[in-house]
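Read through the structures below before going on.
Same chain, two partners: subunit A is paired with subunit B first, then with subunit C.
Presenting the complex of A and B:
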């Protein structure tokens, strides 16, 4: 790359003096990769969504037929509702727990480093592995039911993953357990940026702990909240591993998500066109939700 | 006014400790179930094993479909390291171009790359799979390295860009005066200065690739190149009722990443939270 001929600027004023140090050509491989793997693949995938392609024969254009089916079929509706429910509660709960943990572990506690390490540890593990551990905990004769019986709560025992009323919430528990520590880390980083003299000044002025949190700490955590809400939202909308490991979408369609449907329709049933339509819906959802969220959350940050 | 009292702190400590113990419950099961003989698992789902069945590990290690867990781990390692190296090369060079190419061009390029972080790759994977299958990049490590290099470049450009922008041009100017070529300046002056971000990119991309399941399931399912998540998935499919073997396999699959976490904890958490001020 160093052998590239030195480009002589025709008009020195047209070029920033630093531009010549990093010729655009250096970014060319990455630009080509972006065009192939993101933009090109996106357009191709978008085109499949309007065809009946089965992965082998020539695709035929079918207009909006795939989308009509996405909006009307039972499994597609279940997938959409479940994805939205999971995402909403996952984001809310992991933020509440994460914020609580951060407030609890901010400041001089004995063993605070070890405690932080424990809460963050699940974040680094594969969601698949984590889900298998929980699958055992939730199993019919497993520790959860055994524990409930030991407490004399036989009535509360359930087939957690096999009951349409509890399956989705069991998946949610696994996600919240695994990723609350991530929100904790975001909020801890935010808390460390808040000057202590600000809090102390409010304390001297006689502000109650709740008031200090409400009026100082919480607003100043806005940048941490932005990441802590936006990232889990994207994770939540793409939920796949946990469902595949815990329930495979069942019982019935009780835990089907958009991502599991994309996988099943495309790679298990060979309906590439229909699967692509699903994926396009997921993409649209992620884009709309992310953009709205970022606009709202950034506006909150600007008000600090 | 009032310092946080010792009692108050003690209360918080106790609360935190209780929660941490609750949080450890799944880890407890991961360890004990993998060491139990089958007969003990549901007879006493909560307690310690009476006799330690290390044989579970030997059996789990053999894996399924002729791919041992060791082989799967090696496959995961090849895919992860290959992807990380490629993504570091692509990301650092591109971020440097973005930072040194004037405001408008830089911003344009930045968004050209970063938009790829938000777009879910579920849509792109469908056409990518069919093209890559035709050119022989399905069912082997190389295909996954190529794919992840493509998919993870936006994240790496994003992480590098934040840092490169703050680099003063003084070092480069000094090196230019000494007559060094531009390529040499980048490799010998700029890239070493990027070391902290390179660490972050390596850790973040490495973790995502190591743990990713969706893509690896699609591209490697049933192949001898299968990685750990695919191997564990296949293993559970075959031995679903034998929880002790399943847990031994799961345990083996999470040990590398947990060991890495214990060693590089600060770096890892910083990688996630670096953007928050």
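Presenting the complex of A and C:
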């Protein structure tokens, strides 16, 4: 079939001589403020990662000791494993469900606007509020177990949030439930940018719906996929609210994430230096994963 | 000339009035007090207002922050930023961010040992309030910890108050046979249960276990009482003493379980009983010791404390308030709002009816403090809470948890 995907025409205003000549100095005040209050504070805070500061005494320089502990302690390793597992499945499932919803709601479906709103609504809710509702659903006498019992599946009932085999996946369910709608919104925006004449031409040429999706729709959704994968990856690596509300990291360390460990080490145990080192490791992880991901996804966009 | 003289006299009189008024103006101070947003904070606020009304010249700004970790963070943040309050609600010993020992050892609290009330200082609290000869907090009340039980519910179930652990397990079976759990637990925070059992199995025999652990003479792994403690906790879970799904339960779930009569007992502080009674005032609750036969001990600790910031610019006024607050009348007013037993009542042997099972031990001076208030690192308590749940959920063995506790303790040394 070989339909050549086409790029959207560029906005002429973006390339106008006036825009090109806009002096950088105009942005300088904003840049300075951003550097001072955003990155300046970050760098200043980062210094504590090399100290044993407990929040009360004078900090002592300890070199890389905090980083060594982050990379070797069992709790940190458990938190890292949980974070990576959560992120991988969260990004994958949110994108699959989001793409499915977007394809479904992009067609001529009755009440599609209402359905879009319904599926997007959880995204704007507070993750804490959503998690508390799910905590009730997952509770041992909650609707989930009651539903399973009503279906005669008593053997499938669990202490979902207290069982180390199911607690992490229960957290994942809540995250996917809440944020699939966001991926749906990204993909819907992408789908609406695909010229209909391309699809129609392929249809006239006899391409099956699956072939049209695989050869036209999916490749042209690459820019949407870039955002839809990159953003949830960052959200996933920073998972905090859901864990605190649902399990508080337990049972044991079964649902600890890097972000919850940072919080506990810093604000519950008063280990500000160690917490800062943990935060730097998380920042580095987010940065590395995001950059690799963006490079790969952008390369894919460029190939189209 | 006469008018000049009159003017001079009037000016003189005005100066005299001004000069006599000046000292009074100089004494006008505003003390800033930080406290948790709880009954304790309410009690301190009311007492501060009473003091301000009685004395004049001293006013208060009371700042309340949510209880729990948030409160400790607020205190530390204020101190870090150089804006320490004059008066700080603290906890005894170690174990929390707002605990007075770490704050004192970092030089942030004033020594209160010159107060007249120090002569009556409770001996059982000495280790967690004194650092050498310096005293860093006013103990506000004795908080009893033990087996909180619904007496009417136990009567309906046909269960007598257990005297031994075997009685306790028999009661679990009896309650389970009638469709309720005898006790409740929070998988996230089971430390009160574990520490209460440990009081009988470790601290009854070795009251100075914490000091010996600090000296490196004993360890969790080499103290049989600690292994027995976790084995008892695991048995409680195994024999269905706790509510179904306790592994995922939070502390508010415990309140609800007891208020809704889904469980007859709960191990915790007397303040938990107060919170449950506020949810369901029709209950009849009492607190007794953990049933350990001959090893039975009464847990109680002077957890609530008020400290003075070392850098307070109003040190004398703050110390004046502390002295006033230490008087028996004020101590009783505090416990009337916040719960617990006033220090003066403990000394006189007058105890609330709710803790009558603990009273004989207290009267005999046999008060065992809550173990973790003597643990210098906060991570040890966290490891204990997680470890207990890990044993029950099969994530770790007792030996592994004991090793983790020692590792957490030693990590800071």
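To be clear about the criterion, the second predicted complex is superposed on the first by the 270 of 304 C-alpha atoms of A that agree within 3 Å, B and C clash if a C-alpha of one lies under 4 Å from a C-alpha of the other, contacts with A are read in each partner's own complex, and residues count from 1 in each chain.
Going forward, a residue touches a chain if its C-beta (ideal position, glycine included) is under 8 Å from a C-beta of that chain, and two chains touch if they have at least 3 such contacts.
As the structure is a computational prediction, the values presented were derived from the model and not from experiment.
J.: Have a look and say if subunit B or subunit C is in touch with more residues of subunit A.
T.: Between subunit B and subunit C, the winner on subunit A residue contacts is B.
J.: Taking the superposition as given, does A:55 touch the first partner, subunit B, the second, subunit C, both, or neither?
T.: A:55 sits against subunit B and subunit C alike.
J.: Which partner does A:141 contact after superposing on A: first (subunit B), second (subunit C), both, neither?
T.: Both partners, subunit B and subunit C.
J.: Could you tell me if A:279 is touching subunit B, subunit C, both of them or neither one (first, second, both, neither)?
T.: Only subunit B is touched by A:279; subunit C is not.
J.: Which of the two partners, first being subunit B and second being subunit C, lies in contact with A:72: first, second, both, or neither?
T.: neither
J.: Let me test your reading of the model: by the given contact rule, A:159 touches which partner, first (subunit B), second (subunit C), both or neither?
T.: second
J.: After superposition on the shared chain, which partner residues are touched by A:118: those of subunit B (first), subunit C (second), both, or neither?
T.: first
J.: Using the touch definition from the top, say if A:240 reaches subunit B (first), subunit C (second), both or neither.
T.: The first partner, subunit B, only.
J.: Where does A:196 make contact in the superposed view: on subunit B (first), on subunit C (second), on both, or on neither?
T.: In the superposed model, A:196 contacts neither subunit B nor subunit C.
J.: Could you tell me if A:129 is touching subunit B, subunit C, both of them or neither one (first, second, both, neither)?
T.: The first partner, subunit B, only.
J.: Which residues form the common part of the subunit A surface touched by subunit B and by subunit C?
T.: 55, 139, 141, 267
J.: Looking at the complex, which residues from subunit C come into contact with subunit A?
T.: 69, 72-73, 76, 79-80, 97, 102-103, 106, 108, 187-188, 244-250, 377-379, 382, 386-387, 389-390, 393-396
J.: For subunit A, which residues count as touching subunit B in their complex?
T.: 1-4, 15-16, 18-24, 26-27, 29-31, 33-34, 36-38, 40-42, 44-46, 48, 55, 101, 104-105, 107-112, 115, 117-130, 132-134, 136-137, 139, 141-143, 146-147, 150, 177, 182, 185-186, 188-190, 193, 203-204, 206, 223-224, 227, 234, 237-238, 240-241, 244-245, 258-259, 262-263, 266-267, 272, 275-276, 279-280, 282-283, 286-287, 290
J.: Of all residues in subunit B, which touch subunit A in the complex?
T.: Residues of subunit B touching subunit A: 1, 4, 9, 12-13, 15-17, 19-20, 23-27, 29-30, 33, 42, 45-46, 90-91, 93-94, 96-102, 105, 109, 112-113, 115-116, 118-120, 122-130, 147, 149-151, 153-154, 157, 169, 172, 176, 181-186, 207, 210-211, 213-214, 217-218, 228-229, 232-233, 236, 243, 246-247, 250, 253-254, 257-258, 260-262, 265, 268-269, 272-273, 275-277.
J.: Considering the complex alone, what residue numbers of subunit A touch subunit C?
T.: Within the complex, subunit A touches subunit C at residues 54-57, 138-141, 159-164, 167, 247-248, 250-254, 264, 267-270.
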